[in-house]
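Chain nomenclature is as follows: A, B and C, assigned in order of appearance, with residue numbering initiated at 1 for each chain independently.
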């Protein structure tokens, strides 16, 4: 019907002068700007969405073939869990409204709908209520996805999904509200532009807690020796990194919350240069330390640069972004090696990338961001860290003692694909 | 040359005040809105384009390695067939102009160009003639692609390409004209926002006809037993689902035919929530019925939610979209199982996803869409269904009796890659 | 903080009338248009970025499994090299400013920053300085990536990265300046809209030089026989082609350097139709010449159509774009076969696609572009060609005689993954 109407228009216009708009109802410049801002936020939303494919691909590629279905399954379901719980409670926990300014907690009620008298258009002057929900909702699930990679290849499917649902529905939005929803960290002048802390560290602390409660994969550490477990599909992992980088343009670019040309384009430049610098520095360190350049290290180095710049992408210069990214690329190689030596088994390096570099990025704002204090940034690292780690640890511990957290040893050896899904990822491959 | 000119501009402007536009020829707010609308439609076009990669990936991933080249080939060629036939005849069959209002058929002539006196800009007030062609042309091939999945692993390449060319050049645009080109269904108030019927069912009916004429794959049904044939690459199938979901943002979002912030953002929310709901409900049903959650079921459940919401994404509430998606996710699991039991061999579940859920989505508009009637929606299901199924069945039947529809049994056993292309998809894989 | 402020706004607005912008500071139509233009350029930048995943996927898919890590590594690092060298010197070599109009060389200094008194917003009236840098910087690395495919499976990693860094930092921007930076070719009226010459041929000449200095892969030509070496992952190669096509919408569409609706949408149509025509014509030729349609030929045929239309996408009609693309699709099949018979070993057909069709596209502007001369276009083919080939050949030759260009024979046989990286791409695959 809509399309049919559109079709009529050109014919009527054949008698009109060149510009169709002459006959249209008056459009104001503010309308056009609002529409442009809203387009930008929608495009950013799509880019954040594609990060979920990126996470799924990196995690699948860096683990073994026998657990592929399970990993793909988790990463697919998490998107839906994130969106639906965000619609149910998350959005209104994270952005409860001005009554809770400076607070630790607020809740604007179940479901998604404007307060009475509100208008989806007259929402914030830049985009609609629906666009805001969708952009923020796409963010929500990423925190849980970070956990997925760390606990991969041994966690029970149902338990993990339950943990994710609780963490993303309750913990993520409440902690995020402290900074982004007008809460106490916002009141103190803490700055986390797009989520080095509120997304990456929040996910990273839970990843660390999960790994500690869960323990390493069978055969990873044995008789004091560290056995590497290689990924089964590096083209997939590489594609995943590209999707994540691509998605970060929306993750950071959309966090400007308008299409303001000067700010958004600077954010895209700092984001990109930090990623490139993290890539090169991690390559250099890997080449020197490991003698040969390790491909998975540069994948993680790039992501490290991106996580590192996320807190300050809007308040550092391009040159500073290169430094932040390069340092992140160095840190992540050291962290991956150190965490493995500490016998904390993180199959994809999620703790190194998201937690360690998330902390680095948040502190870097205190170092280079003109209007921000290192002390406040440190508070913003520590308090959310303590809360997220404690809650996640407790949650994992309770789940372990009740419904069980880990698959049986024989299932782990055969693979979770057969055990949890009765399915193989490459079943039709051999039948040539 | 263009770039060289651009380069000169900043230098001249160094003496000018802050905003470069001050010196530019006057820009009206309507111009800016038109440009924004046009950007949105171009972005939507790109997203619909990426759906073709999604279809190719899902179909390849859910079938066997020995038929991979063939499937990739078909899905690649179809894009070109769709675009070129749409340029030649399809666009002017689908949108023949106001003279054919309320009609069953119209044709504005071969090739793409505006009626005399027309202007690409003064086309419909929101985007140019070229943008319209490209957006609609990207849609065209999707209908044929749906058929591809259902007839995979046994259809003759040349015959399938010929069928596709005819179907997409003639059947798709004529039936689509009934609703979107101002035809008789539009006149009756039938509503199919973005194509649950005009894309998905139109493709789905042909898929059903093709499978019936073609018969099942060798070894699928034998001595009364149903043998499952597993896909060979679930990471690929999963990536395909993500590309399809991503593309659907443009498929539905672009179908607003402007960047109108309120409408587009609501459409994106209903589209997304329906997908998430279909994912979760199909997971639940699969977990209960099949004891273990089947990954391919949630892929199809997500797509089912998307197909289901496509007809009404602009006229239902977010809560209703969750219901529509959830029901679609349940329906698709039942349909996949029932169709397999009926010994209709559809390797990827295309009939269940696109036809069954396309019908569901079209009827759902009659249930929840305020201004629409269930009876009219049913007419819009039945008449296009009868026509598409009959034409497709006749076409497949004639092709079977003339040039042949199915590859020889020995080629099917060895794989179509060697038989049709003399090529293997993973030839260099073993040479370690 | 930014988010927190945004959050306050809707609450204040609940008392305001429908449109939030009524209270906002006055927005001019020119501001809105500038914002829309800038959005378009940012989206185009993202699309060009995704081409790097496309190149990586095509090259990986068309080569053997044992060299996969190496190929992924090269294609990942090149993105960072391209961006960082472009920030350091490339941008200011390519666009040195008006003082160098008509010149062969110019340099505006190290690093990225506007000339004194400049303003990122008042930069060129359509997008910011940062957007310009990022869009152009994303282009830079593509030239080096083209070389990567041709020298794959035998080039030493470190040497290749060094070559790439020099070529992309110095040669690419200096030659590009001749046409796009206001140099001597621009002054002569040479037209290369988006880079058939300045990107694709510049890369293609270096690819040819590299292959000649390097020699063929072991076992490719032996005792007068040509042995085909098959790719190991055609789904990956196919996905790569789709990513490249998608990226080309930004590569060509963004080269309009504004979101001007009429020009951009026409460019998208010519780009798309040329790709489709190249696909179909290469399929036809392959089917006739090779008896069975070769899937890798249609992948290269599509890319050939895209390379062919790149120089003239803004100055030919849709019908002419179909001819240009169709001819490119025919040329590329012939070129791939002829180059192989000449025992020039180009694993992915990079020379045929980018060099041969880049030349074709540049000349096609002289044939169909109304305001352009075939003679000038030929000069623009020959001079950059001689310079690029000579410099690249000399560079490869010096590198060969100093640090070495080729891996040892035993490493080539075992694969570069183990030799250069000590890593395998599918290590975890067998452990079922």
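Just so we're on the same page, contacts are C-beta pairs under 8 Å (C-beta built on N, C-alpha and C of every residue); 3 or more make two chains touch, one makes a residue touch a chain.
These numbers were taken from a predicted model, which means no experiment stands behind them.
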Other chains in touch with both chain A and chain B: C
Interface numbering overlap (same over half, different under half) for chain B and chain C: different
Inter-chain centre distance, chain B versus chain C - centres from mean C-alpha coordinates, in Å: 29
Residues within chain B bordering two or more other chains: 28-29, 31-34, 36, 39, 43, 121, 129, 233, 239
Contacting residues of chain A [partner chain B, same complex]: 1-4, 6-11, 13-14, 16-24, 26-29, 31-36, 38-39, 42-43, 45-46, 49-50, 52-53, 56-57, 60, 68-69, 72-73, 76-77, 79-81, 83-84, 87, 111-112, 120-121, 127-131, 133-134, 137, 157, 233, 236, 239, 420-432
Contact set on chain B toward chain A in their complex: 28-34, 36-37, 39-40, 43, 47, 63-66, 95, 97-98, 101, 114-115, 117-119, 121-126, 129, 179-183, 186, 189-191, 193, 229-235, 238-239, 241-243, 245-246, 249, 253, 255-257, 259-262, 264-266, 268-269, 272-273, 275-277, 279-280, 283, 290-296, 298-299, 302, 314, 318-319, 322, 415
